[in-house]
Each structure stands twice: as C-alpha cells, then as structure tokens.
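For reference, chains read A, B, C, D and E in written order, and residue numbers begin at 1 within each chain.
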Amino acid sequence: MKYIYYPGCSLKSTGRVYEESLLSVMDVLNIDYKELDDWNCCGATAYMAVDDRKAYVLAARNLALAEEQMKNEPEVNIIAPCAACFMVLLKTQKFLEENPEDKAAVVAALKESGLNYTGRAKVRHPLDVLVNDYGEAEIIKRITKPLKGIRVASYYGCQTVRPYSVFDDQRNPETMDRLMKAAGAEVVDWSMKTRCCGASLTGTVQDVALPLSYVIVHEAKKRRADAVATACPLCQFNLECYQTDMNSKFKSDLKIDVLYFTQLLGIALGIEPKKLGMNRLFTEPENLYKILEGGNRVYV
Amino acid sequence: MERSIYAESFALDVTAKDRLDTRRKIKYESELDKTFSNRIAESAHGEQLFGCIQCGTCSAACPVSHYMDYTPRKIIQMVREGFKEEVLKSSTVWLCASCYACTVECPKGIKITDVMYALKREAISGNYYPKNAPASILANNFFKQVLNNGRNSEGPLLMKMYLKTNPFMLLKNMMLGIKLFTRGRISMKTEKIRDKKALKKLLNSVESKKKILSAGKPADVKEAAV
Amino acid sequence: MSENNIKMNGNGTHKSAGTPKIGFYVCHCGHNIASQVDVEDVQKFAAGLPGVTISRDYKYMCSDPGQELIQKDIKELGLNRIVVASCSPLLHEHTFRKAAEKAGLNPYFFHMVNIRENVSWVHDNRESATKKAKDLTRAAIQRVFFHKPLEKKSVPINPDVLIVGGGIAGITAALTIANAGKHVYLVEREPTIGGHMAMFDKTFPTLDCAACILTPKMSSVKAHPNITLWTYSEVEKVEGFVGNYKVQVKRKPRYVIEELCVGCMECIDACIYKEAKYPDEFNQKLSKRKPIYIPFPQATPQVVLFDPETCIDFKSHRCKKTCIESCDRKAIDLKQVPEYKDINVGTVILSTGFKTYNAELSPQYGYGKYPNVYTSLEIERLVNASGPTSGEIVTRDGIKPKSVGIIHCVGSRDQKAHKWCSKVCCMYSLKLAHLIKEHTDAEVYNFYIDMRTPGKGYEEFYDKLMTEGVHFVRGRVAEVSDWALVPEEENKLTIRVEDTMVGMVRRIPVDMVVLAVGLEPREDAGDMRRLFNISCSNEGWFLERHPKLAPVNTFTDGIFIAGACQGPKDIPDSVAQAGAAAAEVLSLISAGSIELEPNTAFITEDNCSGCKSCIPICPYTAISYNEGTKKAYINEALCKGCGTCVAACPSGSITQNLFDDEEIFSEIDGLLKFAGIELEETEAEHA
Amino acid sequence: MPEKPKIGFYWCASCGGCEESVVDLAEDIVMVADAVDIVFWPVAMDFKRADVEAMEDGSILATMVNGAIRTSEQEEMAELIRRKSKIVIAYGSCAHMGGIPSLANEFSRTQIMEFMYQESPSVVNPDKTRPMTSVKHNSFNVTLPEIRNLVRTLDQVIEVDYYLPGCPPTPKLLKDAVLTLLSGKLPPKGTVLSPDEALCDQCARKDTKPSDLSFKHFYRPHAVLLDSTKCLLSQGVVCMGPATRAGCEALCISANMPCSGCFGPTSRVRDQGAKMLSSLCSNIDPKDEDGIDAVLEDIPDPVGTFYRYGLASSLLRKKITEDM
Amino acid sequence: MPEKNIKSNYEPKIVAFFCNWCTYTAADLAGVSRLKYAPNVRVIRIMCSGRVDPQFILQAFASGADGVLIGGCHPGDCHYAEGNYKMLRRFRLLKRMLKDLGIADERLRLEWISASEGEKVKLVINEMVEQVKALGPLAIPQHLKNINEELKHFPGEEIREEEMAHA
C-alpha cells in the first residue's frame, strides 16, 4: 500500500525530530510514502477559535489534495503524525459528513480552486499504520537492537485518541505500548497515558501549563520509567524542554528522557542516532545508551 | 520518593482579600442575553448543551478547571441562561487546552470543547477577549499567518505574540529559543505554500456560516442595593 | 357464470353490503382534539358524505353520555354503521363496540378514526390537522360500507399458569395464584429461587433483614401443593395462544436427584477437594466454592448440585467419587441428562428480573483494575453476615477502610451506557452508606448527580443519613485513579469530582470505592421476548401494553410481566406488580374464556384454484390442502389473523374478516379523494 | 323465416391471431354461419365503413372487437361499432387488457417515434421525417390516423358488455359465447366469459406442486431442462397460472411452457401483476435483503413478466414519464 | 391544477400502512409523547405488514398518493413470526418494478419501527415528507386526465366533413 505523508507545520520546525525519525523508520521498514505536495497548515486548534468554516476549508484542502495526488490508488491513506493535525483532519471529515450544508459550501469553495473533495481519504496515525497495517510480527522480525531493560512510559496525549478513538481505546490506549513491547522495551503501566500536558497553553499561560506537564513527568519518574515515549510534537517539546523550568518551580530535580516513539523504535531497528534526530534533543538520551550497553543508569 | 515532589503550588490559593468585596452579585433578567444560548448552540453544532444535568463531570475531567474563574459546568449553565458578559470575559474560554477530556466524559454527549470554540469565536468577533490575553492574540496571529502564507511558522509567530503581550516573556524564553535554534528545531524563516494567493482567495470565499452578532449593551439597569 | 364474475377496472368498489345508514361521531376529548382539529368542521363535513344519516360532535364520546348518544341514535334513527373519530382504537375500540352491541347492532359494524394520537397530538397546524382528520373520516365512512356482521370468537382459558423467574416478583405471583387454588409452574434458571433479593443484606428504608422476610416465602413456594417448582430449568419452546399455551421446559441436570436429596451437604464435605477452589457466583466471586455445592444456606430447594466445568470426574473420569459414597440416600446421579417437560397452561407471567451494569464498561472508575473498587452487589455480600467475610467490611487486603466513596449513577443517566435512571441506586447507596458507616465508622462519601428518594419513608431515610455524618458531594465523579498529587493521596484511590454545590473541583483519597451500578435488562431478554412473542422497549425492557393503564399486560393476550424485567424497580414495586399480574391472570381464569378479534382469514372454496401458494406462508400451519376437493382450507382455530396469506393469494380467493380487500381499498380511496384530479371538484362541492 | 341475428367482427391493434381463432372453430364455423348473419368482418369479407355507418343504430346483435386501441381511427371505429351493436364483446387479451401491444405503455409516444423513425438500425431517415396526421398532396388533403399517447383497452374508450379472454380465446370459449348469445340468457354486463378461478384448477400438473414451495432461484424456460410432468413453479419457472383466470385448459403448460397470464386476473383481483408478484415473493427463501435481492435478480424484467398482457389494464396503466 | 401543485407549498399525500403491534403502537406513542411531525401521512391500520398487498400500494399511487410508507416490526420481532419478511420480499421486487414504471425510489418506503420507537415514527415521516416534497407531485390521476384529453378528438374529421359536403 502507498501512503501519503502529511507533515504539518510542527514537523518542519520544533517537531523536526519526529519527522526525521518517522521517515527513517518507514524507510527501514520499506513503507511506501510520498509527501503531500503543496500541503498547507491544518488550522490546528487556533483556527477553530477564529472562524470555523474557514478552518474546515483549510483542512479539507489537504484532504482534497491527497485525493487528487492519489487518484490512481484504490484507497487514499494519509499519515498525519502530529496529533493536532491528525485530529483536525479527522474532525473536518466527520464534521462535513454530519453537516451536509457545510460540506456543500466547502466542496463548492474547493471546486472553485480546482479541487475535488469527496471525503474518501482515510486519515491515519503512524501508530495505527505501524501496528494495524504493518503489524507487530513484521516489526519484531526487523528488530536488531531490542530495547532490553529499558522501561518506557507510553504517552499518547490528548488528540490522538480524543475526541475520536478511531484505532485505539479512548481511555486506555495500547498501540504504542504494543510497539514498544515489540521493540523489546518494558512498558510502564500508568494512568497518565492520555492526560493533557498543557501544551497549547505553554506558549500563552505558562503558569497553568507547567504543573500539567510536571505531574506527567513526575508520575513517569515515580513509576521508574527511563523514557517517556510521545506521539505528538507539542507533547514532546513540552515534556522535554521545560524540565528545567519545572524543577525550578517545583523545587525538584527530575530528569527523564522524552522521545518520540519513532526514535525508540528506530534505535531498536538499528538506525543510527543521528538519523533519528537524537542530536537535536536538548541532551542525548544517555541513560538509554548506557542501559543498552548493559551499564548503569546515569540519572535516576 | 522525596517529599519535595508535592509542590506547594497545588494547594488552593485562599489568600485573604485586603478589603471586603462588596460588588453586587445579583442578576436581573433584563441583563441577560436570551438569544445567547441558541447562538452558541448553533455555532457549536451543539444542541445537546440544553440537555446538561450539571453533574460536573466536565469540570472534574478538565486538567485546568482549577485555574478557571468558572468551571466548564458553570459555563454551560451560564450560556444556557444568557450570562453573556460573564462568559465571554471569563478566563475559562482561554484556558481550555482543547484536550477533549470533557467531551469524551460527558454523560449527555455535550461537545463541550466545541462550545468553548464557539465561545472563543464569539469573544474574538465581539471584541470581548482581554487585549493582552496571549491565547486570543496567538489565535488571531496564527489565523492571519496561515491566511497569508498557508503555513504556520512557529518562530515568528511566538515572537510576535510575546512582543504584543508581554515582552518580558520573550526575554524569559530567549534561552529556550536559542537552544532550539542551535538544534535546528526552530527558525525565523516564514514557511509558505506555492500559491499563497489562491489559498487566500479560497479561504475568503467561504463566509463564516453565522455572522455572530455582538448583541448590544444590556438595557439600563438600576444598580441594586447590596 | 357466477354473479360476481365481473371484470374489475380498478376504480372503485363493485358491490356493497346493504344500504348503509351511518352515524358519525367526532369527539373533542376536552381540548385534546378540539384544540388542534376544528371538530365542528369535521362534523359538518361528514354530514355531507354519502351514506351518513347523522353526524354529531361531543365533548367526550367515551363517557357514558357519549355512548348513550350513539345508542339512542341506533335505536331512533335505525343506524346500521357507526364511525367514531376520537382516540386510538387500541384504547377505546372495545368501548364503542360494546356500546353499539348494547343497542342491538353487531359490534363489527363499528369503525374508529384516530384523530388524537395520529392527528391532534402530533400536528401543530390547525388547518392541516383538520384536513387530515377529514380525510381519515372519509376513509372510515367509505370503509364501513363494506363491514359485515361477524360472530365473536372466544377461547377457553386453561387454568394452569406458568411463571418464569423466581425472584421476589415471581414468588409473590406464584403464591397469590396458588393460594387462589390454581396450579402454578414456577420455572427458575438458577439452582435456587430468591433472585437478587436473596443476595441483599438489609432492605431500604426500613433496614429489615432481606433474608428474614424472603426465606419464609421461599419455603412456602416449595411446600405449596399448588406449585410445581422447577429450578435450574429454562423455557425452551412456546406455542399456542391465550388460554392454551403449550410450553416445553428444559430441566438442566444437577447430577443430583432432587426428590432424594435432603440438603444434608455430607457430599460437599466428602468432596475430594478439601478446600473450596472455585469462585462462588452467589457471593459475586468474593469467596470460593467446591465443584459440588449449594448456592447459599437457605437455598430453595435445599438440593446440592454439581458444576461439571470444575468437577474432576466430568473432566477426567478419574475421581474417587467420594461424594457418591457419602450419600446414604443415593441421590447422586452423574449420568443425569436434561429432562424436557411439556406442559399446557392458559396464561404466563414473566418475572425474569434484571442484571446489574457491568462496571468494567466505565473504565474511568477502575473496576477490574484497582482491587478496592467494588460494585454495590459485592458490598451487599460483604455486609451480609452469611457472606464471604461474615459481614465484615474489609478491603481485599483485609483492612477495614477508613474512607469509602460511593459513586452513584454508574452506567445510568449516561449516553455511553444507559440513558435511564435506575431508580433504586440512590436508595440502596444510602442504605450501604449507613451499613458501611455502622460497620466500619469510616468517612463515607456519596457522590451523586441528583438525590432521588420518592417513596414512602425514603426521604426520611435520607434525612436520617444526613445526620449520621455521611458526606454528600453533588457531582459526578470523572475518574478514580491511583496516582498521588499530595502526600495524603499516597496508596489510596483518588476520586476526582467537582463539588458542584461549591463550584470547585475536589480530589478525595479513599480506601474503598463502591460503584452504585444501575439495572439493565438481562442479556437474553431478546430471546425471551421472541419466545413469548412480546415486545421490548429499545433498551430491552419488556414492553407493557400501556404505560399507565396496562402496566403488567403485554401486547400478547395471556402473557403478563411483573418486576424488574419491565424496568428498574425496587422490592415494594416488584411485589405490587406481581400482585397485579396475579390478579390479571386470576381474572382471566375465573372468566373461563376470552374473546378474540374475529379477524381470521377464510378461503371461499369455489374460488380457490388449489395452487397451494398460501400454505407455506402461514406461520401457524393453519392452512392445509384438502386432497379430496383439491382446495386449500384455513383452520380458523389456528388462524391468528395476520392476513399475510390474504395479501399473497394470487387469485384473490382468501378473505380476512375486518381487514377485507374491499375494506382497505375503500379506505385508500377515501383517504385520497382530495388528491389528484378530484381536488378541485370535491373542494368546490364542499365550498 | 325470421331474420338471423347479425354479428360483426372487427380488429384494432392486434396481431391477427384472434381473427384466426375464429377460423379455428373448424367445422363449427358452419354452425355459426348458419345461425347468424355476419354483417361486418373486414378481414374476411368486403364490407366498408360506410356500409356500417348506413346501418341502423343497434341493429347488430353483437360485435366482437379484438385488439387494443392505439390510434384515433381505432377509437373512432370502436365508437361506431358501439353505436350500431347491442352487445360489444372485447375479444382476446388486447381488447380485454391491452395485450402485448400495451407493453408499449412503458415508453412515451415520442420515444417510440424516435426509435421507429430514427434510431432503429434499419432506418435511414436523414430528414427526420415523421408520420403526419394531415398532408396536402396534389391539392388533396391526405389524412392519417393519429397515434395516441397511450395504448388503451377497449373498455377504456367505449362501454363493453362482455369479455372473451385469451391470446387468442380458444374456439371452445368462442363457441360457448356464441351459444350463450343466441340462447338469450345473458349473463350480467361486464362478465368475463371464462371460469372465475385460477388456472391451477385446470392444470394437469396441479398434484405435483408441493405444499412447501420456497424459491431459491428462478429460471427462464429456455435455460433449464423442464420435467414435462411436474409443476413448473416447483421447477423454479415463473408460471403465472396461480394468478391467471382459467379457461384455456392449460394449453401452454401442456406444451411444457409456463403460463404467461393471457387470460388476465380473476374477478377478485384488481391487478394481476401485483398479485402474482406478491404470491411469488412471499414464498422466496432468504430473509435478508441481499439474499432476497439475489433470488429476485433472476426476474430481470418484472413488468414484462407480470404484465405481459395487461399493462394497459393494470392499476398504473403506464410508465410515468415526463414527456407526455 | 398542475400549477397549483407545483406551488412551493405543495403538500404531498402519503398513505401509510402500519402494523397493529409495532408501528401503529409506535405512532400512538409518538402521539402520547406529543412529538410533532409533518401532517402529510394518512395511516391505515392493518394487523401485520404481511397484510400489505402490493395492490394496495399500486392503488394508492393510482388514486393520487405521492408516496406510500409501510411500517412493520423489526426483523425477528414480528408479532406473527414472519409477516414482515414476506413484506420485505415483496417490497424488494415491487420497488424495482416501480422504478421501471417511472416511480422514484423515495416514493415507496418500508421501515421497521418497534412499539417503543415513537421518535422514529417522527423522524421517518418527516424525512419521507421532505424527500417526496423535493420530488414534486406524482399525481397519476391528473397525469392520466391530461392524457385522456386526446380522446374524442379525431384528426381529419373536419376535412372529411368538408368532402362529404362537397359530395
């Protein structure tokens, strides 16, 4: 099957690591994809706050582009790795199905600019694609450096499973856990999997956002996780880059590696760290390297 | 685990007010906007909000409700009853992180997050939002940036927002910015799609479904004795 | 050539029965009809229709004066057809037929027009509602032209009664009917009767011991000469109709001969399993039982049974069978097979009860994940002196809880679970709060959305609880979790809820969480419904014939419902309903027979070509082929009057009483007189 | 010797088979010819319209009209015959119910003209010429009858006294009808002169039909090898017998072909096709929509199957089209 | 008359056949619950949807109905065990046949509505009325009346009369 890859704005900047590691993993697994040509911003959460119909047009343009660029394929599968993009594209599709009047307006507007929207594209999360299309069994076959001894706390964030749970359980999702297990890691059972990290507020009301991130990092640490695996550029950024601020605000000295699940999977698939964007993290995940070498943890 | 993890800031802020708050806390029917609830319900595609049983699940599920001036449950009731001024000026709307926990947990199927969006739209179009509230500024700038370029460039966007709202924050976040910059995770370049004009035309071709009317000032009400 | 061998050209009727003198009556139903339908206009309209001798409107047609009006007209004006436009025929058809009959008219010359449920209550435009009422009126008036005098059909009632489900409702109904001298078959699926009530410790609001009031009734059932009690049995097949049901009951093997066992339980002691090893269903799996067991000490009948799933002998045939040796009455028979009993009964009461909501379906409360989250039924067993902990309330770690949170409305009032209010949870939660407080002196929190305590003495019970130091937090819990934010939450279950009265979110750490699970229909309610040919509501509760006026009747004559199979109900309500169902049954039995609609189908032999198309269509095998005449023939006693064969007879040789082709065609014609071409003409005529 | 009763025959839109069926009376025709005076029979005898017009109104005892009414001329003739005859008998399926010609009611007149004078592969008509009702030719007015928008049964244009069903009616029925007429003991107006029960009653294979028939497939007669002793429905072939009036003595079935319904419905049925559809469908095997549809796919043309002889007299009479 | 029908406030007429045990009871429930729906449907009560003879449906259309709605018990729930299946089977073929005869799909509808689904009665009726309204009038009697105007008009009659006069 051929996929169309929709990066979204974040994966080109703060979430660059996500893109690098995801694409490396897909290359190693021989997953066929091409980037959506001339994609535009999905509108994210902010657009909806200003003008809803424009927000739907914005998102629908990408779906229509995908339909156009995949018109010779039996199915149109769009991989949207960013949780916000994933949710917004899904929401747009569902909303337009439920509201024919809005759909007509959006379809008409797109037609004006030469695009045809039918809604036949399927919006897919990379977790869904890896577990349900590719399959854990196939992945396990390709694991060369199992993450033995590494305790991973899978963190899905909000919008991967909310409000729509298209490929996983809404309250206790498990796809990422299954992937991490396939990669040889030990997964941590915790109840923070889908708790909000406050990402959309870090830029604006840091006082509110910081405690939200803190309880997650704190709980991961408490459950003796070595790494938090994320599937959202904002979550990763928030949980990784604000650790210093958390420590100063809450007078603590937590330190935990926060990676994309694709990075962890990439390590297990034997991909070199640079191709997984490890060098772009604030500090490289030394703990993991040590454990994999069979050494002791650098920080606890 | 060390004790220090239980940070003080989780405790409730019950600092005593330095003077007695004697603002009136009564609402007259003439001060309410009777059409507000229908407007919001329509804009949010959320007729269900009239079925709210005030159980508070939304507030309890919300990760930020303890910072809000009105909990989401209260907002729903206030919308239903037409407390337009209070709702649109509340912090609740701008603290909502769009995590959808309330929507998922609501036993009556109310799309609370979408109600919050509808309120954000109403607040922005009716000029109700606090002028220096970063969330609304961010939304507005984001909107314009995407309208013009088709993509969002995080660097310039945040820069602009901090300049507009709180330049001090810019300084505070400078170190973070530099760290990101050196790791290639942020740039000051503006991202664009190929045909910006066509996109702008496309976006401008759709009119917002409901021109949200900012209703006039409430009728003259005599200040009630307290 | 026969008189009626005339080509039909499809534009109307080709014969009529007698010269009709129609009386038309339209009812105001107070304002119920008159507010949306211009009743006088309908009355005037009808007066102008062919065949109508008299047209009247009246405030309440169903009242005595209303009925007398009709009777007087029949006698004085010689009316031979009556049409009443009022409410649904399902409500008052019987009333008016009776009225016509009293005046000497064959009751089947009556027809009813539904202008309330079908018109005034569902439309809000007076003009179009009136127009619709007129169309329906015209259809009925054209229809009665073709009505024929029919003979009433009545069937005798077999006085034996089947009751399915031996909970408190079934027990009550069985005793009431048996005490009246009628024979009852009480069929219960479980090994003992008693139902849910047998599991409870105390009952609200009086706090009297459930067992103390229930077990005497259970023993009376067992001992009653008029009751055949079949536990561990299920209804397999039901055939027939009111007055004469043929039922097959499957008696599942206990592997113990019921008549020989005295319940001494020697065998249980003798079982080669020294320790009980398997989860005990009666104790909600909070304790263990052996492969041979008795559900609880007062089980009725007092007969042990084997669980073939766990008994070694059933699995490997290599057990020493110490149990058999221990029984000096030789009651154990491991070769027992299911036994099928065929019985004939005239009436049936279904009292199959409810099941509790599966709390695992609301994962936010952690049932099944956190060991100290319990369902209310589990707590009932914990509090019970004969329960797994002999009445001590302890967590799974064996510790007496210092704080307990009771979460109301679990699975109820929730679109993702059940929309309905389960009605009993508020009261039983208050009861459990009281019992927990009494047993442990813990801090007890009730988390409720609305406190619903209507019922005699119920509100007073709530008042009492509030003075007992129980906390009441109005708010629906969003989450029960095991992570701590502050020291006091360490190693506890934290309940996150908005205290809506204060308007602030609270986190409350507790040692034990009780989920007040709601009531839902049994999984196999659908199968039961099909078996007995009754209806269910969307939710799966058995549907009563009328929510107010026929709460224990079903749409199938002779089948009644009682207890929580009809909807959430507490004990007093279930008992009251059981009494009502018993009264309905006894009233049928004592009448001796029941009148049925004479809407059966029949074949005119001369017309039938013997093509046999109709024979496989009949679900009741009422149609058979006469090899002598080479024609088909309908057994009227078996025909239930669905009319499917009538619609399918290719040569139009089957006729159905009350729903004849001509009657329906004339209705269609009457409804559409204003449609199409005739619109202008007819309107002009009536202008 | 008193004057012999006068009898007429006329044909409208028909194939001519009905005319032949009169000849099929064989030696009985002599009996008929002896008993009556045939005053009008364009197929066999040289009478002109003017001859009929010249007759006194009501002077003909009975005229048997076969064929459906498609043109203005046929309608005109029908009216003329009505005036001149005491009794008008619709003779054969076409006059009775529209017959095969009335399947044309599935198309509009425009569609039919388009095809016949334009689209048909054997037509060359670059000028798009169409028949006209009136044309000047050498200073003469030449007129042609108008093709009506609808094929009609005889009783849709004039009053009809009796019907002789069949495609064509059997000689026996004709003979019986003539004898009835001559006897003077006339049945009530509107009577169909054939037994009022379905064909199965007369069918030799009746006893072979099972009582628990349930259809899993339908077959068209050419597609299966048919047992010539068993009920055709039991072999999955759509036989209209159960919904068709008896009288033909199951001629088709004795030739191992299913009844196609030419005798029309019994007097108790308003729409033969609907009834047959109802009976047939009620007894198909599957219960789910897809399964049902799969079985029904074997009936590719329901209109042609159930209304082969009677579309004009069916309840809907025609296809509802925009361009009429 | 046709103009009158084409008016935007054209109100279709729909004849409904509701089975006594499920759909008719559901319609009663809709009434008791005071649910409001379009007034265009006229209900004929029958004991079972299996009683619906295709002739009734055709007769309704032929007499001027714009739509026909049949309501029965859900599959498996028929009060008479299987009458609803019999109706379903007829319905499937009838619908195809009606299409061949130029009657749009939306004009004939079969719905399973149980005794407790008052709300569904409302939804189905409102939806069907909207759909049929959008299709416009079927008006078969009017249609036939228009066609029948061609009767009694004989082309060439005038010419013939002229010729006769000459002769």
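Throughout what follows, contacts are C-beta pairs under 8 Å (C-beta built on N, C-alpha and C of every residue); 3 or more make two chains touch, one makes a residue touch a chain.
Being a predicted model, the structure only gives us computed values, none of them experimental.
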For chain B and chain E, the touch-path distance in steps comes out at 2
Of all chains, the one whose CA centroid lies most distant from that of chain B is D
When B-C and C-E are ranked by contacting C-beta pairs, first place goes to C-E
Taking each chain's mean CA coordinate, chain B and chain D are separated, in whole Å, by 78
Chain A to chain E, mean C-alpha position gap in Å, rounds to 54
In whole angstrom, the CA-centroid distance of chain C from chain D equals 56
Flagged in chain E as touching 2+ other chains are 50, 53-55, 59, 62, 82, 86, 90, 140
Chain D residues touching 2+ other chains are 269-271, 275, 278, 282, 314-315
Chain C touches at least 2 other chains through residues 10, 364, 485, 617, 644, 647-648, 661, 665
Pairs of chains in contact here are A-B, A-C, B-C, C-D, C-E, D-E
Listed in rising order, the residues of chain A that touch chain B in the complex are 9-10, 12-17, 38-41, 43-54, 57-58, 61, 95, 98-99, 102, 105-106, 109-110, 112-113, 158-159, 162-163, 170, 194-196, 198-201, 203-209, 211-212, 214, 218, 222, 241, 249-252, 279-282
The residues of chain E that touch chain D in their complex are 50, 53-55, 57-59, 61-62, 75, 82, 85-86, 88-90, 92-94, 96-97, 100-103, 138, 140, 143-144, 146-147, 150-151, 153-156, 159-160
As the complex stands, chain C meets chain B at residues 364, 409, 413-417, 449-450, 474-479, 484-487, 496-500, 503-505
The answer for chain C against chain D in the complex is residues 1-10, 606-613, 615-617, 625, 630, 644, 647-653, 661, 665
Residue set of chain A touching chain C in the complex reads 171-172, 190-192, 215, 219, 222
